[in-house]
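When the chains are written out, they are named A, B, C and D in that same order, and each has its own residue count from 1.
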Amino acid sequence: MGSSFGTVFRVSTFGESHGVGVGAIVDGCPAQLEISLEAIQAQADRRKPGQSDLTTQRMEADTVEILSGVQNGKTLGTPIGLLVRNTDQRPGDYDETLDAPRPSHADYTYLKKYGVRAKSGGGRASARETAARVAAGALAEQYLQQLCGVDIVAWVSQVGAIGSEVDVGTVSRADVDSRAVRCPDHAAADKMEARIREVRDEGDSIGGILTCVCRNVPAGWGEPIFDKAEALLAQAMLSIPACKAFEIGSGFAGSQLRGSQHNDPFTSGDDTNLGTSTNNSGGVQGGITNGMPIVFRAAFKPPATIKCAQETVNYAGQPVTLQVTEGRHDPCVVPRAVPIVESMAALVLADLARQA
Amino acid sequence: MGSSFGTVFRVSTFGESHGVGVGAIVDGCPAQLEISLEAIQAQADRRKPGQSDLTTQRMEADTVEILSGVQNGKTLGTPIGLLVRNTDQRPGDYDETLDAPRPSHADYTYLKKYGVRAKSGGGRASARETAARVAAGALAEQYLQQLCGVDIVAWVSQVGAIGSEVDVGTVSRADVDSRAVRCPDHAAADKMEARIREVRDEGDSIGGILTCVCRNVPAGWGEPIFDKAEALLAQAMLSIPACKAFEIGSGFAGSQLRGSQHNDPFTSGDDTNLGTSTNNSGGVQGGITNGMPIVFRAAFKPPATIKCAQETVNYAGQPVTLQVTEGRHDPCVVPRAVPIVESMAALVLADLARQA
Amino acid sequence: MGSSFGTVFRVSTFGESHGVGVGAIVDGCPAQLEISLEAIQAQADRRKPGQSDLTTQRMEADTVEILSGVQNGKTLGTPIGLLVRNTDQRPGDYDETLDAPRPSHADYTYLKKYGVRAKSGGGRASARETAARVAAGALAEQYLQQLCGVDIVAWVSQVGAIGSEVDVGTVSRADVDSRAVRCPDHAAADKMEARIREVRDEGDSIGGILTCVCRNVPAGWGEPIFDKAEALLAQAMLSIPACKAFEIGSGFAGSQLRGSQHNDPFTSGDDTNLGTSTNNSGGVQGGITNGMPIVFRAAFKPPATIKCAQETVNYAGQPVTLQVTEGRHDPCVVPRAVPIVESMAALVLADLARQA
Amino acid sequence: MGSSFGTVFRVSTFGESHGVGVGAIVDGCPAQLEISLEAIQAQADRRKPGQSDLTTQRMEADTVEILSGVQNGKTLGTPIGLLVRNTDQRPGDYDETLDAPRPSHADYTYLKKYGVRAKSGGGRASARETAARVAAGALAEQYLQQLCGVDIVAWVSQVGAIGSEVDVGTVSRADVDSRAVRCPDHAAADKMEARIREVRDEGDSIGGILTCVCRNVPAGWGEPIFDKAEALLAQAMLSIPACKAFEIGSGFAGSQLRGSQHNDPFTSGDDTNLGTSTNNSGGVQGGITNGMPIVFRAAFKPPATIKCAQETVNYAGQPVTLQVTEGRHDPCVVPRAVPIVESMAALVLADLARQA
């Protein structure tokens, strides 16, 4: 269970890193929508491994194939099947002879849940599963763009303790992609890239934070109570491997403020909508969008796969020293997480749009 | 839509602050479970208004009534209906003559969604709805306790900028309830209570943070991909009115660490489970519980209702000065949020338990 | 589980015959809809016991109370809570000393599922639960009427082997209610009523068939594949206690025809729609409505509660003679099933309308 | 929407007859189950076209490919992806120049729903979609067999007006497959096969009825209220293209009986279960299985595609004579519907088993 997301615009993913491939089925996408496979592939390319020396050197084509639901470049209203074949099969992912669960990986918890001893949950807990989400999310983005020009941009706003300054009103994907680390603040990006290379060379890893803005989202999207826009965004982000935290608008910092400082006064806005002069709400009030940009942040832990020796125990509870020697791991996941965060945001918004 | 939560153990809430009452239907609760209405009422009492001078002085009995699904103190396996009648009807909540949307309230967004001009979404966005969640969550807790002794404790860990030190391994609800502010660190509680009285006396409000620990949760609960334990907890918390942020385990701070610092080495544990020597994971790895305590934090903004004058605009976009003169509002929501956070955590865990 | 029905317009029922009452929560009903409690009550009255000498003589007021979601006669867009209190509490329904499961009742199967020995599944399998469905369905009807004038009429078309002739194009609820047996063909109704009195006087019971027509349903409602209009109608009907069969359009008889006889040729229709010259399809093609009247039939078995002696075994497997002496049971359920069938049809159509 | 079925054991299908292929994703299948691809292929082969002169002469390999969720012959507990590639692409299915909607096909209703003018809903309403269901259902059968030896057998019990006599207690798939028409009563089969050849040679088609028995289903499966076993079976059957009617146990005929004739007296059964001496209930009481064989019937209309000339109108409402000249259509769908009915029954039972 748990492989589906959304109520009306609903995505289900399948596939493991060691099998035929990973894929997604999107049900509830309107008919007669124009679909660009190129635009989907472009987002998939931003996620794929091997893009720079900051990410894993593993190469994978990550070619997205449309299995169903689209004909002559238009949606049929039927489920859209998307498949990304595995070309680098990694048989080691399903290695039952694995002696010890790797610290802070899902090896141990999948064993307890499914009774299967396997790396990365037999390849399902592998970050590779997110290739399917990115394809589905890129599709959702096309729906949102055609519906009302929704514009979603995520970027790396922090690596380790290195922060950055970015204008949420104007930042574009071109700005973000101008740097390998995907931080559009160049001074910060210099430091971030140096830091990632440093931890990489030490066989270690480092965490980071992404910020995401969704512009041109109309007021009135979101379901009250359990499916508040911010609640679904929180679920969506925490469902990404390695994500440990989420905040919207003022977030944790806002909890230190007084109401007189935090409230967002309304302004006259445009013909049909009011605006607000500040945006501590982050674009949502009471779970429903207010027409202001949705701004949120998601924190990612340092990747659990490191080359440093680790003192741990094996499945029998006996002390062992674990030393991973093979290479090809990401020293920092946040650059490649950018399209994943954007895609999950798009999936949330597409589903809320269908219920608005 | 969006008034239901959970896949197998599933709660649906209904009711507005101005009508007959608020309630919840819980479907998917096993048969033959012993139910204590007293225990449910005890949690409801911890949420109800008027408990101390730190909260609103409005009085509401918040008596929980079981409508169905329980007979002779045992569940039947059928849907359990729970009702909390309104005794303080607040007709003003549904005041169509309201001229201006209150800043950072849901007045404006509900209007955009439903076309209805009303305070607090006609009383549905009112915090009163959480009375239903607390009743349902208290029921979920009884299931979890009888199943495997799950123990959930939340407390106020920060008010404004005032932090606290609490031992997550031993803290109890009795400790928490020993202080009106529900912070078991007495030195911190002194400062927090003083701060809340100060902002209250100034007609202002203040935000805060809750920490919650879930102990005795077995390894193996949680669904991979979209329904990860941490993802559902994030959704659950962000679905609480005024919650703006969530983090599990090391959270935002963990994103500054290196993998060699952040990874939780395994230890021999007990007969059937491994443990970990640190708990940066916060009790979950890859979306599935690992048997360690689940620890998370949720941040709440300062209440939007303040007595200070606010410069804003009315629905027509014309500048107005908004000055709320009536009283009886919470200057800080976190003390009363304690049972709400515990209840939402219980609803998440009960649903995962039913799928384990 | 299984207490909810619908994807977007979604009803959840709760309550047992021996407790506080039965009720329903309707989520997904649009805001700003005008609601007549009188119209809801009128349908509830058509279902309630004691309407004529053909039905049980038990008296129950069946007063519908709106708990939430409606204010000043209009829906808020929030969940609508409906409650029908029990006034005739029937404690015997939950009689653990019951020695033998009653033949063709749910006593035995509920025991196997829930481990609870109780009459009528502790009162949940009681037909009383349908009072909640009728209230929710009457609400759905008001939505459908305001949306596009949908008109749903069911009637008793057969009792035992006694059939009838009714014009599906013109039959009205007034016609149906002109007879206690709810068959608008008076000659047939005479025979049906006589038959029911006859079996009643012999302490026996008899089955029957309902036909239902839904007029003014636009073309284009229904989801392909699993949620075809006819599939959801079939589920809806078979979910009614005692219903054993469903057919739409030509149904079982149509399976004897050739394609050249069965196909419905298109006709020019009106400005925006084509019609068909015959309606063997029953208003649906490929799971989607075609604008012609939806016509279906549902068969109900004879009530299992009879006064005749029955040779059966007790829970221990030992032969016993079961003789029910208390009275007040329906000798034939179909007259009271009329508003239940209409309500379930309305719930299906309202859900499809919300997805159209 | 509507492309998913089931609550816990949940299948989602995708694909059109003219694209890459059709497929299914099965979520909620337990881990560590042994999966035989051969057994899945065997069921797929029973559905595929070209098996005898009674069915379409179109040839399609219908090779089932497992995309995910199975490793080394065992399920991983993750979603199982199944793909059946199209080898006979039929571009004509998506022919926008189609002038007139074919009578009793889904051409017109899909146009009204999706705004797309295409044969067979762009290939989604094509019976080809059922290839995905059969693959998923064959998987569900393996789960049910390993769980408790559930044995599902369907057969053709009527073609046109030609009925048959079959022993539901002993009939096997080998018996069924001994005849091209899949009726194990040889005398009846002779007549059925002759009738099908006769209508085929006249360019016409004919309807028929399938009966299905599910043996070894334990008592206690099924959810009360809306997800009764019989309600889900009804939905499942009516969701199959061309199915117009469903009945369980005594069905329509039972509505003519008296309670004293219809009630199934209990018998001592075996060590853990009671039995019943008759089975008018068809294996379910109050929506829950009682341990007796589940027996139901499903009626299929004659295929809408015939070679006879048909007087109808085009999309503009103008009279046209429609004459289909190309061949390769099934004159009667029921022989090939046998594995589809079995598969849908298996999907229902697997889902109920997971909730039992």
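In this section, a contact is a pair of C-beta atoms (placed from the backbone, for glycine too) under 8 Å apart; a residue touches a chain by one contact, two chains touch by 3 or more.
Because the structure is predicted, anything quoted here is derived from the model rather than measured.
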Hopping only between chains that touch, the fewest steps from chain A to chain C number 1
Of all chains, the one whose CA centroid lies most distant from that of chain A is C
Taking each chain's centre as the mean of its CA atoms, chain C sits from chain D at a distance in Å of 26
Here the gap between chain B and chain D, centre to centre from mean Cα coordinates and rounded to Å, is 46
Here the gap between chain A and chain D, centre to centre from mean Cα coordinates and rounded to Å, is 39
Listed in rising order, chain D residues that touch 2 or more other chains are 1-4, 8, 13, 78, 113, 121, 124, 224, 355
Within the complex, chain C is touched by chain D residues 1-5, 7, 13, 100-101, 103-106, 108-110, 112-113, 121, 124-125, 129, 158, 160-161, 199, 204-209, 218-228, 230-239, 241, 243-252, 254-269, 273-274, 276, 280-282, 284-291, 299-306, 308, 310-313, 315, 317-318, 355-356
Contacts from chain A onto chain C in the complex sit at residues 7-8, 78, 224, 355
Contacts from chain C onto chain B in the complex sit at residues 1-4, 8, 10, 12-16, 18-23, 25, 27-28, 31-32, 65-69, 71-72, 76-81, 83, 94, 113-116, 118, 121-122, 124
